[in-house]
Structures are given as structure tokens and as C-alpha cells.
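Structures incoming, each one as C-alpha cells.
Next, two complexes with chain A in common: one pairs it with chain B, the other with chain C.
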Partner chain A sequence: MAAEGLAGPADLGDDEQEAVELLLHRLADDEFVLAERYTEWQVRSPTLESDLAVANVAQDELGHARLWFDLLEDFGYEEQDLIWERPPEQWRHSTLAELPWPDGGWADAVVRGYLYDVAEDLRLGALEDSSYGRIRDRVGKVQGEEDYHLEHAQNWLERLTEDEDGRGCVQDAVDRQFAHALTLFEPGDPDLEERIDDLGLRTTPLSEMGEEWLRRVVPFFESLDVDTPMSGREDVTADQLPAVVGRDGDHTDDWFDLYEEFTHTYDQVDVGDPVRIMEDPDDE
Partner chain B sequence: MIWEVFRQENAGEYHTHCGNVHAPDAEMAKLFAQIQHGRRKPTHSLWVVPQPEVHEVDDEDTAFGGTTDKSYRWAVTYDVDASFAQEVADSEREQEEAARSRGDD
Partner chain C sequence: MDVEEVKERAGPREFSPADDMPEEYRKAATRMIQFHANSEIMGAYLERPFVRQSPSLERKLAFSAKVQDEIGHGQLLYRAAESLGVKTRDEMLEELANGEGKFLNCFHYPMDSWHETPMIAFFVDGAAMRRQATLKKTSWEPYAHAMDKVCFEEGFHVKHGEHILAELAQGSKKDQEKLQEAFDEWWPRILQFFGPTDDKSTHHDFAADVGLKQMSNDELRNAFLNAYVPKARKYGLEIPEYPRIEENDDGTWKVREDDLDWDEFFTVAKNDYEGSHEQIGKRHDTQEAVEWVRDVLDDHEQRPMGGAGPAAAD
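Now for the complex of A and B:
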């Protein structure tokens, strides 16, 4: 059942705004950072077609990041506060999004896409009835594009695992990424996450989403004869997680390198104000 | 494997050839075709067809029609105002186009 609707951005209490901001950062930061990583595949994918498909996915994720960052701008932040000048240790994305690609691993891109897109599907489902109208309004647009992402990832996995070599590559990628994928459902700040649930901003708590994710991901890999480090029936414990989980601002070294890279031009050109090519649709 | 892609803009219209994609099977071909041929133009439907299944007969193999003067089939000698009926106006325009493409003018 949907909680009572919250006010618009100007009329939220401080506690409410804090919760909305963390939720939006979880969404926006994941999408933005993952899109940065996908972009590295551009012109390097196995075929022209797969190149265009992954570029398309990256473009979609950047678009989704913009939808969520826009809602943070409602609170007075500007693009440079949210992206180009935000210190890297304040980013709240899961470490799955920031991992670099090992040499030549197309399977890595496909596995990461799959692990992420199943989580994305679940978390968007938990926002359909969000008590915050502006989040609710954006969910449908994102879901429409995510269906393609999931289908794309599943189709690739089914084909890569058809032979021994391909399955080996997928297995290696799963071994490398699974623990990081679990951080998708880790709390950023446990009290705030509880507030997000209590306010009805999200209608399914992270732990439940995490269990559902395991119930979908594990049998799918089983059907492809790929092992996962968890059976899907046990609780996630600290030793199954990577040393850093990202959500609390603690990240792997690779994140700081990536941050250097994508802010490099902004720092060098010293533009001050990022260029806006369109009006914010919520601005009257 | 190459798949020829046909795009239909609106329901009921013809699917028109618009290019091709490389894909291992029909499922992947459909996924790739969406991005390459259905993302930038309004699209109602796409067909993907394995290239070897497209069979061709060209103008070296056969003499196609449409090249001889069949104007005797058309009621062009009646002096009527074609504007009184749409189909007559259409027919007249078709005859003119056919004549032009034959190079009769």
C-alpha cells in the first residue's frame, strides 16, 4: 500500500529531504558511473552491432542518471555540485558500477549488465508507488528502456555459455563481480535507509529486494551451468561482501581513477557553468 | 550471419528494406535491428530476414515489363475534366508518370 503522499521539493521537512536525497543518489550515481564504464566499450565491442547496442545502453543509463539528478537540482543543487565538483568520496554508487574491465572481457560487460539490470528492475518496481510524486512519475520512462537491457544481457549470456570457452569467461566474470553486485542492496546509512522505507519513498526494503534478486539471478546462472558463490537461500553476511561497498562513500581505488578521468576535461577547461541544452521539464 | 532488415513506419504500410545487421540468430538480429533501424525514426514494426533466404531475379536474368508503350489501354482520348472523380484524376496522373519513366516525352 502506498504511504501518504509527500509534499513537493519546496515543502519537504529536513528529515524527509535527507531521505529523498540519499535515495536519489543511490539511483543517479549507479546509473552515471555504470554508463561511464559502458562507454569504454564504445568502438571496442566484438562486433559493430554489439558496439552500437552497448553504446545505446550507456546512453539510456546516462539519460536515467539525468532524470534522477534533475530531482536533486530541485533542492537547489547545480550540475557541478552533483557531478563535476562533487568529491569522489561523496558518491553513493555500488562498487559493481565502478569496477574496471579486465583485458578483453566482453563477458564482463554482459555479466555486469545482467547483475545490474535485474537489480534495476526490482528497485524500479519498488518505486512505482513511491510517496514522492516526482520519483513516481519518472519510473515508467526508465522501465520502458530497462526491458531491452535485460533482454540484451540475457540473450548474450545464453549464447556465450553455449561452449566451454565462453562459459569459462562468464564464470570468471561472475566470480569477480558477484560480491560487488551484492552491494547494490547494501545500506548507505542504515538509519536513513529505514527512513526511506518508513516514508514510503521505496515500497520494498533493500534486504527484501536483495533476497528477490538472489532468487532470480542464482537459478538463471544455474540454468547456464555457471556457479554462483551463494545458493540464494542464505542471508548475505559481511564476509560475502567486498572490503568496500560504495554505498557509504567508501570505494575501490579504481573509482578514484575513473573520477579523475571523467572530471579531467571539466577541470582543465574551467568552464564554471556546465552547458544546459534543454530546460528542466519540471521548471514552470 | 547477415540479416536484412525491413522497417514499417505505420500499421498497414509496406515493410521497406532499410539495411542489414550481423547477428548469430534471429533473436539477436531483432535486438540489434531495434537499435540500428528503429531508434531514430518512428517505427511500428521491423522484420529481420536471413540474407540467404532473399532470392533475386534481376534485369539480366529476364525482361521485365513496364518498358513498352501500353497507352492504348488508357482512355486518354476522351476529352473529360478529370477533376470530377478522384480515381480518374489518379489514373491520369499514373499514365503521365508511366509515360515519363518510359521516356516517351
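Now for the complex of A and C:
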């Protein structure tokens, strides 16, 4: 693909900037919201080792969200516009990221991790040759950390499903979450998504990524003797999607509760702009 | 080795698992290190909700990293405690979940608002750092070794706490008032962090004689007050009138013991305070909810091909 295609942030046309913004929000919002959910497992997972591992994953995802939000700041937005004061119905993450965990739902955590990490692997692959240099330059750093996440989730699934009760818990977790995982590949705005592809911002369209994702996750679960709603099927139809898909700003009630919680302190304290304590990502 | 020989030889990092230590030493060291490990875990419990409450993305990252560090300290300390051969880690974690395990007084109190976070992250951690720095010279080598890493990381934590404190101290009048309210509430607990004065402390003599403990409660509290009273004032906090603390001419402090609520302290120490039940109950319930996973892991270990896997992330 023509990797030199697009100009830097200051020189993009309005149509181009609009497409870049949606793409970045798909990335940043997913990572931020999923990390919020992962942090609930810190000190509450099955072992001290899994506490540490899940804390690592959460921090990686937050770190990735920071990299993508930072690219949105190129367009003049500030952290409060992007996170703390952005209305919840403008967030573009997949509903998979926002679902709460059932009590003791460690299987849900590893199933979600696996479903998400395979999608993330495909999505980042489609950005390696993005026509937008600012994105292209950051993909490698994110990929380096995601490999470990996928391996971690796969190992856990293999181990949990060796046990009959464990496999039952994994099956329930798949049943609860699979439809929401399909929303990872849903368009936010169909016209804009097409523009993202036409501009070469992303080198594989969502529909193709979705198909590839199914070719990976369905056989993997089958090999563990776990069924998915897509076993033996190839096309995702509307009736397989959840009532809300997240990408277009429609979310489950749980998202609005989560949003209330994580903006609570920001709304309560009056200490100026969100504090920066790290180096600028461009200088790291 | 008998106890007399232990007392004679007691010095920094003097004893290790290669030594044949008497039961009295092993039990005293286990009690002390287990308490320390439990405190790391229960501290992480108290602070975890504030990862979500953090009002900036980078603050959130720092808070999450801090909680993660504390879990790591717990892991390291349980290992140091296990090396005494008295209890396994599983036993100690079970004791923590069922209310037998003891931990620091400050972690028995609920923490509800962001304005309270520096009370733990700056003052309690600052107090802990004082104590931990002296434990680099404890006589049980695995404990001292753990302290090297713990102290290194605690330095960052205290800076993180001080940064939040500074931010709130420069906030609106309402933020400053809330900060002072939090300080008024936490200050007596922080003074009690060091335990009762030396003449009332039950475990000190033996622990000091065998080199496990390097400084007395009073000495540590003095050192803390010397450093932290000026810091509190620097951020505009007023030291509450009660409990009375008075600076002596020689730079030491006299704390009026009678102004502190020792009934509450000893109730806390027995895990019998209202907050103890709440904090321990949470730990108990969340651990019970994932008991099924540990059962699966145990079964896996017993399989011929079992062994290394996702649990071995360290």
C-alpha cells in the first residue's frame, strides 16, 4: 500500500481528519474501557500471580489508550475533551469492553481477553501500512505488548478447559460475551468507515477482519470443546448482534454506570487540567 | 542453634534458610513478615478503587502501577515468610481471608474519597518507609533482601502521594477543607501506626534481641514526626490539637498516649473493628468467588503433564 499517502495532522482536509478521528476513537476507547474493567481484577483474581498479570495487561491497555488519545490531541483536543468531559453517548468502543464481570467470573476475564486480543492482533496488522504516518509509527510499540496478552489468555483457556467444571465456566463466559465480541467489527458510521478504507488509513476492511477473526477463534474454541454461536456458520447477520453495538454511540446501561464512576472524582475536585506526570509519548 | 546463640550473633542479614534456627525465632519472624505481607495486600485492597477514581489518565496509570507494586511486595514477603518453614503461603492467605491474619491498623478503615488518598499514599506510606528502611538490616536475610526492592519502589509511591497532596492543597477552598477534614480523621490513626509506646509493646523485646527489629516504636515515630510534621504544614495542613504532640528540646517528640484511643487500636489489632469486618469480608468474598479457579489449578498440578503455565507469571 502507498504508505506515504496522507499529510501530517495540521495539513489534513476535514474529510480526512474526520476519518482519522473515528479510527483513533475505535482504538483508544476500546483500550481505555477494557482497561477499566481489567483493573477490577487487581487484588481480586485467583492468585497473586494472576493479580500481577492482569494488572500488567490493564496497564498496557491504558498505555495504548494514552498513545491513541495523544494522536487525537494533535487536532487540538485536550484530555478533558477526549475522556473526562466527553458525553458517554459519544464513546465509540465495542460493547465487549464495557460489560461488567459476574461474581467470580475469571473465565469471563480470560475469554474476553482472548476474543479481544485476536481482534487487536488483526486490527494492528491492518495499521502497519497505514497511510497516516502518526498511527503507523506507534503500531509496533503496541504490537510488542499485545503478543503477550494473547498468549496469556490462550494459556488460561487451555488450562481452565482441561477441567469439566472449568470448561462449563468458559462455555458460559463465551455464551455471555460472543455476540458482544462481534461488535468489535461493526462500523461506527458506515460512510466514514468506507472513507477510512479508501484513504488507506486501514489496509483491511472491517468485514474482512471479522471473517478472519471467526476463522481463528471458532476453531480454537472447538479444539477446547467449547461451542460458539458461529460454529458452522460464516456470515454474521444482524440477529447475532446484541441490541446495542457500542460503535455508533449506543451502549448498554452498564457503560453509563461505569462512566459515572470513573468521572466521579474529576467532577468533584477542582484542581485544573488533568495532570501530566509522564514524558510526552513523542519523546519516549 | 539455641536462642542464646541467636542473640549473640544477631546482626544485619545474619541468618538464612541455611541456618538451623530455633522455633522461637522462626515463629517470631514469621509473625512479623506475615503481618507485613498481609498489610501489603490489604493496602492494595483499600487503594484499588482509586485506580478508577483517578482524575487523569496518567494518574490512573500511576495508581494502577502502585497497586500492582503492592501485590508484588506481598508476593515477595510471603516468600520470605515461607522460607522460615512455619507456614505455607496458602495457609497465610487463607488466614488473611478468614480473619485470623493481622495487618496494619490504617488498613482497617474505609477510604471513601479522593481527598483521603494522600493520607495513605503520602503519610502512611511515608511512615512505612521509615520502618522498612530499618528492616534492610533485619537479621533474617530473605526479609532484608525483600526490603531492598520494596524500599526502592516505595520511594516512588510516596512521591505519587505527595504529588496528589500538593495538587489538592492548591485546589479550591472546598478541596482544601476536605483535605483538612481527611487529615483530622486520619492523623490519630497515623500516630498509632507505630504501635503503642515501647513500655506497652509486647513483642518488641524478643524481636529486638534477635535482630529482627532494628528500632523501637518510639524511635520510629520520632523520626516520622520530625520529617512529616513540617511537610504537612508545608501543604497548609494544620496539625489537630488532639492528640497532643509536643516537640522536646532535643528534636524528639512526646505523644500524649492518653489522647489516643487505645481501646480502638487493640480492637483493630484483633481484627474486631467495624472496618476490619468490612475489609476482611471483602477479601474473603472475592477470594471465595474464585475458589473454583484455584481448584482447577490444583487439579492441573496433579496431572502428569501439569506444572508450568499461566499461573507462573512471576
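Assorted remarks:
Note that in this section the second predicted complex is superposed on the first by the 273 of 284 C-alpha atoms of A that agree within 3 Å, B and C clash if a C-alpha of one lies under 4 Å from a C-alpha of the other, contacts with A are read in each partner's own complex, and residues count from 1 in each chain.
Here is the rule we use: a contact is a pair of C-beta atoms (placed from the backbone, for glycine too) under 8 Å apart; a residue touches a chain by one contact, two chains touch by 3 or more.
Please read these numbers as outputs of a predicted model, since none were measured by experiment.
Contacts of A:E222 after superposition on the shared chain: neither chain B nor chain C is touched.
Within the superposed three-chain model, A:E89 lies out of touch with both chain B and chain C [touch as defined at top]. In the superposed pair of complexes, A:E260 makes contact with neither chain B nor chain C.
Counting the residues of chain A touched by each of chain B and chain C gives the higher count for C.
Once the two complexes are laid over each other on the shared chain, residue contacts for A:H152 go to chain B and to chain C alike. In the superposed model, A:D198 lies in contact with neither chain B nor chain C. By the touch criterion defined above, A:S45 reaches chain C but does not reach chain B.
Residue contacts after overlaying the shared chain place A:D250 against neither chain B nor chain C.
When the two complexes are laid over each other on chain A, chain A has residues 47-50, 52-53, 56, 152, 155, 159 in contact with both chain B and chain C. On the side of chain A, the complex with chain B involves touching residues 47-50, 52-53, 56, 148, 151-152, 155, 159. Listed in rising order, the residues of chain A touching chain C in the complex are 32, 36, 39, 42-53, 55-56, 58-59, 62-63, 65-66, 69, 79, 83-84, 103-104, 106, 152, 155-156, 159-160, 162-163, 165-166, 169, 261-262, 264-266, 268-271, 274-278. Residues 41, 44-45, 48, 51-62, 64-65, 67-68, 71-72, 74-75, 78, 93, 113-115, 163, 167-168, 170-172, 174-175, 286-297, 299-300, 303, 309-314 of chain C are the ones touching chain A in the complex.
Contacts from chain B toward chain A in the complex involve residues 21-25, 27-28, 31-32, 34-36, 39.
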